[in-house]
Each structure stands twice: as C-alpha cells, then as structure tokens.
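Here come two complexes built around chain A, the first alongside chain B, the second alongside chain C.
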Partner chain A sequence: MTLNVLVNNLSLTYGSYPALKDVSFMLNEPKIYGLLGRNGAGKTSLLSILASYQEQTSGAITIGGEIPFENAKIMQDVSFIFSKDYKDESDNVKEALKYVARYRSQFDLKYAEYLVGKFKLPLKKPIKEFSKGMQSALNVTIGLASRSPITIFDEAYLGMDAPTRDIFYRELLEDQSNHPRIIILSTHLVSEMDYLFDEVIILHKGSIVLQEDFESLITKGSSITGAAEVVDEFVLSMKQLNTQQLGNTKSVMVYGELNDRDRKVAQQKGLEVGPISLQDLFIHLTEGDD
Partner chain B sequence: MKKASIFSKVAMDLFWVQLFWAFGFLGIMLAIHVVKVVLAINSDNDIEVYFVSTFVAANIFMLVIGIISSYGLLPHYVSNGVTRKDYFKGATFAAVGLSIALPVITSIVSVIELFILKIFNMSTIFTTTFGERVNMEDDGIIAEIIQSIIIAPYVDPQSNWLLAIFIVILNLLTFYLLGWLIGSAFYRFGVIVGIVFIGVSIVLALLENALLSIGLGLTVPDRFSSYDFSLPIAILGVVVIIFIVLWLIRQLTKRVAIKI
Partner chain C sequence: MSTLFDHDKPIYLQIREKIEDQIVNDQLKEGEQAPSTNQLVSFYKINHATVSKGINQLVEEGILFKKRGIGMFVADGAKGVLVQNRKDAFVDDYIVGLVREAEKLGITEKEIVQLISKVKRSDSE
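And now, the complex of A and B:
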C-alpha cells in the first residue's frame, strides 16, 4: 500500500523566525526521495511535521488523504529515523528491537537481526555504551526493518564510518526494491548518496527550490569549457551557475538542457561539454547572499 | 481493531517498566527496614511495619517517575508512532496500576514480616502509637509543605488495612500525577512556566493533604481547622483534584512538539 504525501503551503515559524515558508510538494510513488538543504534550511523541521513530532503554523499536510497529526492510523505508518540521544538507554539491541516490533505492525524481526549481524552490533551490550556510529547503525536497522510505508532518514548516517555507510546504502536499495515504499533521505553528503535518489527535493532557507526526477535533473546542467571568449559567447543567453577561469581557459556551469544544435555548435567551436554533478547543482542553487 | 489496543499496550509496557523500577526502590527500602528491625530487636526502640516505613519515600519515588514519564517516555512512544492521546491514556492507567501495586506489595511484605516476628515472639517491637503527626501550628507554610510530602495523611494499617491501602493509593497517584504535570509544563514551556507549575502542584498537594487530614480527623493547619466534613466527601475532593491534574496534563501534552 502506498500512502501519498501532499504538502500544501506549509509554513512553520519559531517565534518570529520563519523555519519553513509556503512549502508545497507531493510524493506519490514508492521511491527514494533525496531531501537536500544546507544547515538550517528547514529539513528537520519539515520532516518532523511529516512525522507528527510537531504541527505546522499554517498550511496543510495530508498523508493518504488524512491529517497525520495525532492520527493513530497514519502515525503507525510513518517512521522518523534521526540521530537519537541514547545516553540513558540501558536496554540492549535485542530488547530495543522487541520493543519497536510491538508498535510497528510491519516490523520484520528476522531482517532486523540480519542487519544487526551486518553492522556487527553487540546484542547484549547496553545501547548507551555504543559509539555514535553504532547507535546510528541501530537507528538505521530499526528504520529499515520497520518497513513503514513512509520511512524518513534524517541524516541517519551520523558517526558511521565509510564501510558502514556503504552497508546502509546497499541495504536501503535492496530492501526498497523488495518492499517498495516512500523513503525520504535528508542529507549533506550529496556526492556520496546521489545515486540512491529517484527524485530530489532541494530546500533552501525554508523554501523549496526544486523538486525533480534525478535523471532529468542532472541532464539539466552542463559544464562548458574552452577558450574564455568563445565560452562567454556560447553561454551568453544561458543561466550561468558558476564560472571558473585559469589563464585563458574558462569553465562555466550552466543550468538548462542543451539541445542537439547547441551541442553541435559547441563541438564546432572546440568547446568541451561535460556533465555536472548533483553536488555542483546543489551548491550553486543554494549559495548566495549569506 | 489495532487502533483500540495501542493504549492498553502502552499501559502494560509502562506498568511493568515502572514496577521494575519500583522493585529496585522497594528492595533498597526493605534492606534498610531489615537493618532497623535488627537494631530494634537488640534495643528497646519501637519501629513501624514495612508498609508505613515505605510510604514516605514512595511519594517521592512516584513524583520522580512522574517527571521522567514526560521527559523520557512520551518522546519514546511518539517515535514509535504512538499518539500523544494513546500515551496519555496508557500512562494514566499504568499510574493507577502502579499506585495500587505498591501498597499491595508493601502490605504483603508487612504481613509476612509480622508473621515471622510473631513466631519468634518479637512482634512487640512494632509501635502501636503511630498516627501522631508533628504538631505544626506555628511552623508556617514551609513546614506544612514538607509535612504534606513526608508525613502524608495515613491510616494505621493494623486498625483498618483496607482504608490504609486506599489512602496510600490516593497519595501515590496524586504525587505521580503532580510529577507528570510539572515535567509536562517544563517540557512544553521551559523553566519559568515549569516553576509556576511547581507552585500549582504544591498548592494542590497541600489541598489534597488537608482534605484527607480533615476527613480522617488528623491534625490540620490552622487555616483549615474550621472545616469539618466526612471522609467520603474528602475522598471525593481528592478524586476531583486528580481529575483536574489529569485535565491539565492533557492540555499541556495534547499538541506538544516532541524535541529532537
């Protein structure tokens, strides 16, 4: 069952500080959505509203057509995984998993135990004695094994080393293909995680900058490299994201798809057309006046 | 169908977790009590049965776990997809269950204690004169507050054990709920409002204390000495206080943002 998420003109203010401003988007398919944003962009605020941790100041949100806040049916189907504070948790992994399984109807204990093995988590040690990375691995285990129709990972990888993150990414892709559901990944690690995303949402200063399919998004930008004046002339009418120059060689990142004619012209003029990464796009779409 | 059972699951979980904590507390109290019994046997001092010696500390124990329930347990349950409402209902039932379980357990231990000491003809070490409360006519409000916590109104279990247990249940439940109220106010609004709610809680505790004291015919502070009513009315008053506190907790936690 897929629950769709509909967010309409959502705003959240803390006192007079606007954390979210008129945010609207839709998540209709069981895909992996990458939520990107810089520090303080409002990612966690947005996700905590989706997970019914708090209410918006104005605007509307529905999940499966219903208002999620204090709605037992919906809240059971939304898992919000973030870097939880375990300093008082004297339970061990076994007890913690058993507990979650009581409240998450689709929890797969066997799969959870498999993940615990993969992450090499000690079963009997109190969780408060775990390293940050191990605690994150436990969070991720709970998030994946809960199989909630809407699963949110908010920078869930904090403290994990590279091999552990790699296990997380692989298992995420594998389990998502076996049990399709809406998974939202919020992250800073754009270049490392971009291949995971089916769709990308970029949040900047509390507003949505774009929501687009990953594949079509990265074809939307190109880097044009060549002799400075030739490049300048070529990109004149295009939306320029960034310019780098070394001697007489200039490289300009442009936003907007190049058509066949453009490419041909570029080739004739001896310009090199290359792809740009999501990371580059992200940086240039969210940099500026601060 | 699933929906209806969530709060009962929460209630069971919370009841057992908190009872487990209570066993730790009761165990320590039992160890202290055994030492006191041994000392009393070897001297001429009177002591109180286990039931009486625990309830002073039990009020404070309940206050503390009431506070914990808003800081640690509510976020934990919401993170598992439980609504604030289901948590509220579950935690309320668990608190009632715990308030009943505690005096029942201490009564059973006291009966066993009396039985054992009677076998050895040593049951005379138990005082028969308790029920005498500190005379605090001139001690003012601070003494009154301390007394309301430390020497809550009680009935001698050896004279009317059912009523004794019932009064303890009311005391324990009130203190748990006041802790939960204070914790919820701090959690939602921070320090200043939290302190205001400590004040509100003290007033409610004093009121509960006065009601039961008047109803049971115990010494009461001057300002209450002109009142006189029967025990059922006093108990009704305490029940009303309990419902007011529950209502306040619900208002504070109904839409509270969970901290991350």
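And now, the complex of A and C:
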C-alpha cells in the first residue's frame, strides 16, 4: 500500500524567522527520495511536520488524504528516524526492539535481529553506553525493520563510520526492493549517497529549488570544456552554474538539456561535453547571495 | 560516483560494456544468471536509473532476458552477437585511429604490419 504525501504552500515561521516558505510537492510512488539542502535549509523543519512532530504555520499537508497532525492512524504509518539522544536510555537493544514492535504493526523482528547482527550491536549493553555511531545504527535498524509506508531518515547516518554507512545503504536498497515504500533520505553527503536516490528534492533557504527524477536531473547538467573564446560563445544563451579556467582552457558548467544539434555543434567546434555530478549541481544551485 | 568509470562516456554505456565484457570473456556464460540491478547498484555505487538504462538496452537487444521473479539471464547466442558487434566496430574503434596516427607520424603500412608482428611475438613469449 502506498500512502501519498501532498504538501501545498506549506510555511513555517519561528517567531519572525521563516524556516519554510510556500513549500509544495507531492510524493506518490514507493521510491527513495533524496532531500538535499545545506545547513539550515529547512530539511528537518519540513520532515518534522511530515512526521507530525510539529504543526505548520500555514498551508496544508495531507498523507493518504488525511491531515497527519495528532492523527494516530497516520502517525502509525510514518517513521521518523533522526539522531536521537539516548543518554538516559538504560534499555538494551533487545528491550528497545520489543518496545518498537509493540507500536509498529509491520515491524519485522527477525529482520531487525539480522540488522543488529550486520551492525554488530551488542544485545545486552544499555543503549546509553553505545557510541554515537552504534546508536545511529540502532536507529536505522528500527527505521528499516518498521517497514512503515513512509519512512524518513533525517541525516540518520550521523556518527557512523564509512563501512557502517555502506552497510546501511546496501540494506536500504535491498529491503526497498523487497518491500517498496516511500523513503525520504535527507542528507548533505550528496556525492556519497547520490546513487541511492530515485528522485531528488533540493531545498534552499526554506524553498523548493527543484524536484526531479535523478536520471533526468543529471542529464540536464553538462560541463563544456575547450578554448576559452569558443566555450564563451557556445554557452552564451545557457544557464551557467560555474566557470573554471586554466590558461586558455575554460570549463563551464551549464544547466539545461543539450539537444543533438547542440552536441553536434560542440563537437564540430572541438568542445568537450562531459557529465556533471549531482554534488556539483547541488553546490551550484544552492550557492550565492549569502 | 565510483572511480571504476571514466568521465567522457555515459555511465549507462559503461555498465552495459562491463556486462558485455564478462560475457565475451566467458566469466558469464550463456544461460547463467547475470547480476541483478540491485547487486550492480550496490557494487558500483551507481544510481538505479542509470544501471537500469544499461541493462534494459541489453534486454532489448536480446543479450539478456528476464525471468519473472527470478532475475536476469544471459541469452543463448549472446556471446556470438557481441563478438560480431565488436568485430563490426573494430575498424572504427581501432583501425581508423591507428591509420590516422601512423600517417601523422610517417609510419608506413609495411612498418605497421611489422610492429603488429613484434607486439604479438612479445605477447606470446
């Protein structure tokens, strides 16, 4: 079952500070959505509204057609995984999993135990004595094993070392292909995680910059490299994201799809057309004026 | 993005070439199960959409075929087709460049043939 998420002109202000401004988007397929934004872009504010942790100032949000805030039925289907503070948690992993199993109807205890093994988490040690990375691994275990129709991982990897993050990504892909659901991954580790996203949403200063399929987004950006004057002429009418120059060789990142004719022209003029990474796009679409 | 890929060719083409290579080298034999999209995504750390694009081309061309619910398999005759394709492309991919470069450097046809024999001899030693 897929619940759809509909967000319409959502705004959130803290005092006079606008954290979210007129945010609208729709998630209606069981996919992995990458929510990208720089520090303070509003990622956590947005996600905490989705998860009913707080209410918006204006605008509307519905999940499966219902307003989620203080709606027990919807909240049951939304898991919000973030870097939780466990300093007072004297329970061990076993007890914690048992507790989650009680209120998540689709929780798969066997799978959770498998993940605990993969992450090599001690079963009987109190969670408050875990390292940050181990606590994050437990959060991720709970998030994956809950199999909630909407699962949100808000920078859930904090403190994990690289091999542990790799286990997380691998298990996420595997479990998503067996049990498709709406998964939202918020991150600024773009280059490390870009291969996980089916769709990308970029949030900048509280507003949505874009929402697009990974593949079509990535084909929109190109780098044009060659002799400076020739490059300048070629990119004249294009949206330019960034320019680098080394001697007479210039490389310009452009945004906007190149058609076959453009490519042919580039080739005839001896220009090199290369792909650019999501990380590059992200950096240059969210920089400037600050 | 993985460092196993180079920057001047679309990644989905490189994905399909890696699978083609395995078939041509007999690492993947006809009738055997090919790696799943998910395995490729996790291994190469390349986006699902990109991997699927490469795989789907191979399926459309009849190199791989899908068995519902089981996975992807190498079709009968796949190796023959790939070898023929590569033979067809051999002139464009290798010979044209070789001849042009040789002309630039003033290497004669006879010398090219001698060089080829020399390389072959040193390979077989």
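Basically, the second predicted complex is superposed on the first by the 290 of 290 C-alpha atoms of A that agree within 3 Å, B and C clash if a C-alpha of one lies under 4 Å from a C-alpha of the other, contacts with A are read in each partner's own complex, and residues count from 1 in each chain.
Basically, contacts are C-beta pairs under 8 Å (C-beta built on N, C-alpha and C of every residue); 3 or more make two chains touch, one makes a residue touch a chain.
Keep in mind that what you see is a predicted model, and the values were worked out from it rather than measured.
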- Task: Quick one: classify A:N71 as touching chain B (first), chain C (second), both or neither.
- Result: first
- Query: Touching A:E174, do we find chain B (first), chain C (second), both, or neither?
  - Reply: second
- Would you sort A:F82 into first (chain B), second (chain C), both or neither based on which partner it touches? first
- Can A:Y195 be said to touch chain B (first), chain C (second), both, or neither? second
- Message: Quick one: is A:R263 in contact with chain B, with chain C, with both, or with neither? Answer first, second, both or neither.
- Response: neither
- Query: Of the two partner chains, chain B (first) and chain C (second), which one does A:K98 touch, if any: first, second, both, or neither?
  - Reply: neither
- Query: Now for A:S277: first (chain B), second (chain C), both, or neither, which partner does it touch?
  - Reply: second
- Contact set on chain B toward chain A in their complex: 2-3, 6, 9, 13, 72, 77-86, 254-255, 257-258, 260
- Query: In their complex, what parts of chain C are in touch with chain A?
  - Reply: 1, 7-8, 10-11, 38, 41-42, 44-50, 53
- chain A contacts chain C in the complex at 169-170, 173-174, 177, 191, 194-198, 213-215, 218, 272, 274-275, 277
- What does chain A use to touch chain B in their complex? 44, 48, 52-55, 69-73, 75-80, 82, 84, 88, 99-100, 102-105, 148
